[in-house]
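Take a look at the structure set out below.
As written, the chain order gives the labels A, B, C and D, with residue 1 at the start of each chain.
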């Protein structure tokens, strides 16, 4: 029981990740694939953020008048910084993937992978 | 102020700044974009050689970014392995940059050329960044810069390249996500991101399940990025339909840098004994890469498209390198690291020749190579050298690395893998002798008489340089091993 | 996909809102040292204000105020500021991005100058993010034509 | 195909969940991540960078180089979108 209380947050994020991962490899619609990609990356971000949390701690913005600073009273800033970077990477990947999908749509007039492969096979 | 002590950072920052300046130049004077682009990559070659000399003379270079101490700030650590990789990446990017002048003009519209050069520079920046950094998260950031620009460079090729690029995006993102998950797992149990700090912290955590999972995720993530056999789906299409300059550059550098990351993760971040003795991972990877070599070679025989054949050969070559790293003795590791250089030259040269032939006759089909030596004697001579090296005929570079790999395999007792390595060489011989026969000896009546001359000079020079480099490196491979590679051996080899 | 869509209420509200949104964006960028915020967040809000212009009015209305050339140049300029601050640190004799050395040219002590260096690069990041958001939005919604009307 | 994908996903998830058992609990103030590197960021941020917001000081100062990389990533995305999608007036080929 203690394990469940201590670890359930990780499990939820892993479940989310796997939903995204499944969508990425199993769905045949291109947009659904990149939506899955987004879910996957967002779940990783949540996972990192949850590692930053400490019980009874507050956001890492210090008050200047304080003389002795207790690190246990502030949550860990490093994962937040890393995830700011990862969010930007996620947005950029999403933008590039959308651009590529739009090029595909212009060529084949469809967003379904099977149909695109069918068109390519007919051309041969 | 001494600039040479900053050369490890300048090699990343100069192409980065140049890619922004290229956007400005686009609006000021579009003609200057190309000379500026080549000049910058030339400077990078000079800097990389400077770094290599510094490492050989003074040992490991450390550079603290922002002046912060290592586990708190980001640190650059350059030892012999990095310096060697930087020289390979920078010189290949420079050579292909020269080559791209004429080849790209047919494939990309004029108004977009400055953006193409910017993206190319960003890809180079990403690769340099991956090679020099000593921080696992920083590595992820540069991995993404390199990947994003590679997706785009692939997508601007022929019509079918867009679908290939989409597959590349999906696979590449899965790889990057797995890598990031590995970083997260390592971070949770250690609290650090710096590679040298982690080397100190991790040995006490080898019993933990988290460490093993993290390593597995690192390996699968990088395995996707380097297209290790069952995860290779994105590579053949991408490199076949990409513009020829891009296929040459990407095939020569991207996968090699991936191999470098694999070496770093397995042998610097973790101790060699963790991968080789404490876990079955290295054994799995050996069989995995043997299968990669076998199937890569086997599929390559059946292809008609020359670039696609090369892509499958590249998959087999990646198998060679992963195999060499994991057999866990000196010869295998030396062979793998030497093969990074040789393979980068050979594959780069062959892809450039494929692009050159496509430039002239507009076809990549092997059947159309009949009698090309009458029209393009110099290119075909270069092709012969590269092909012989691919097969592994003694005076060329390819022989030496394959020799080391086979010796290492026999020493470690992996006889089946040694046989597969020889089999793969024979397959290469089959493929390339068939093409050579078409080029030199086929005098078919139906052969169309092409009426064109050699390639333009800007495409000619890079091909000749790489072909000569294959010969010269073959002669001096002993020197390279004794002055550089010997020092990059992991502890305990 | 972008059509002229005249709606008096939306246009009037946006005319009032857009300057306020931009002001708030500058606040978020500049106040990043003391509260949640910084270059990315502020840049995104600033970019959103331009995107709102396109949605509420049309693309030409927005391009008259903020042309494509300006946008592309700003995109490169913002991140160039960032990289050049680092090069400046090298030229002054410290490591790359070591803002502490900037007190050779800015007369404050070596700790406060770090906060100042942070502010400079946050501004650079903000400019880039704003321009990038607008650029990606325009390219995706108009299929790269940068014109109004059907695609 | 879908069944195969499901098996891969379940296996991956199982490995990930199995290894969480060795991780520190959620919100544990004594986990390695909150003891090793990060305390210095909180303790010294005012003293060393004059920035009370520790996230900003880590983002732009201690790990400022990562942020340069991330700005470059987003710049890359914009250049890539122009390269792939933009149709220029003086460009007849596409």
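By our rule, contacts are C-beta pairs under 8 Å (C-beta built on N, C-alpha and C of every residue); 3 or more make two chains touch, one makes a residue touch a chain.
Given the structure is predicted, the values throughout are model-derived calculations rather than measurements.
Enquirer: Looking at chain pairs B-C and C-D, which one is connected by more C-beta pairs in contact?
Expert: So, comparing the two chain pairs, more contacts are at C-D.
Enquirer: Farthest from chain D by Cα centre, which chain is it? Let me know.
Expert: Using the mean of the C-alpha atoms as each chain's centre, the farthest one from chain D is B.
Enquirer: Express in whole angstrom the distance between the two chain centres, defined as the mean CA positions of chain B and chain C.
Expert: Comparing mean C-alpha positions, chain C is 36 Å from chain B.
Enquirer: Using mean CA coordinates as chain centres, what's the gap between chain C and chain D in Å?
Expert: 21
Enquirer: What whole-number Å value describes the gap between the mean CA coordinates of chain A and chain C?
Expert: 24
Enquirer: At least two other chains touched by the same residue of chain A: list those residues.
Expert: Expected reply: 17, 21, 25, 51, 61, 78-79, 82, 84-85, 88-89, 92-93, 95-96, 99-100, 102-103.
Enquirer: Which residues of chain D are in contact with two or more other chains?
Expert: 16, 20-21, 23, 31, 33-34, 37-38, 41, 52-53, 55, 59, 61, 63-67, 69-78, 80-82, 84-86
Enquirer: Note the residues in chain C that touch 2 or more other chains, in rising order.
Expert: Those would be 34-36, 72, 75-76, 79, 83, 86, 96-97, 99, 136, 139-140, 143.
Enquirer: If each chain is a node and each touching pair an edge, is that a line, ring, star, complete or other?
Expert: Drawn as a graph, the chains make a fully connected set, so complete.
Enquirer: Could you please specify the touching residues of chain B with respect to chain C in the complex?
Expert: Where chain B meets chain C, its residues are 1, 3, 6, 9-10, 13, 16-17, 20-21, 23-24, 27, 63-67.
Enquirer: Help me check something: in the complex, which residues belonging to chain C touch chain D?
Expert: Per the touch definition, chain C meets chain D at residues 32-39, 72, 75-76, 78-79, 82-83, 86, 96-97, 99, 111-112, 114-115, 117-118, 121-122, 124-125, 128-129, 131-132, 135-136, 139-140, 143-146.
Enquirer: Using the touch definition up top, name the residues of chain C that touch chain A in the complex.
Expert: Counting only chain C, the residues touching chain A are 34-36, 40, 136, 139-140, 143.
Enquirer: Can you name the residues of chain A that touch chain B in the complex?
Expert: 17, 21, 24-25, 30, 33-34, 37, 40-41, 44, 47-48, 51, 78-79, 82, 85-86, 89, 92-93, 96-97, 100-101, 103-104, 107, 116, 120
Enquirer: Quick check: in the complex, which residue numbers of chain B touch chain A?
Expert: 137, 141, 144, 148, 151-152, 155, 159-160, 162-163, 165-166, 169-170, 173-174, 177, 180-181, 184, 187-188, 193
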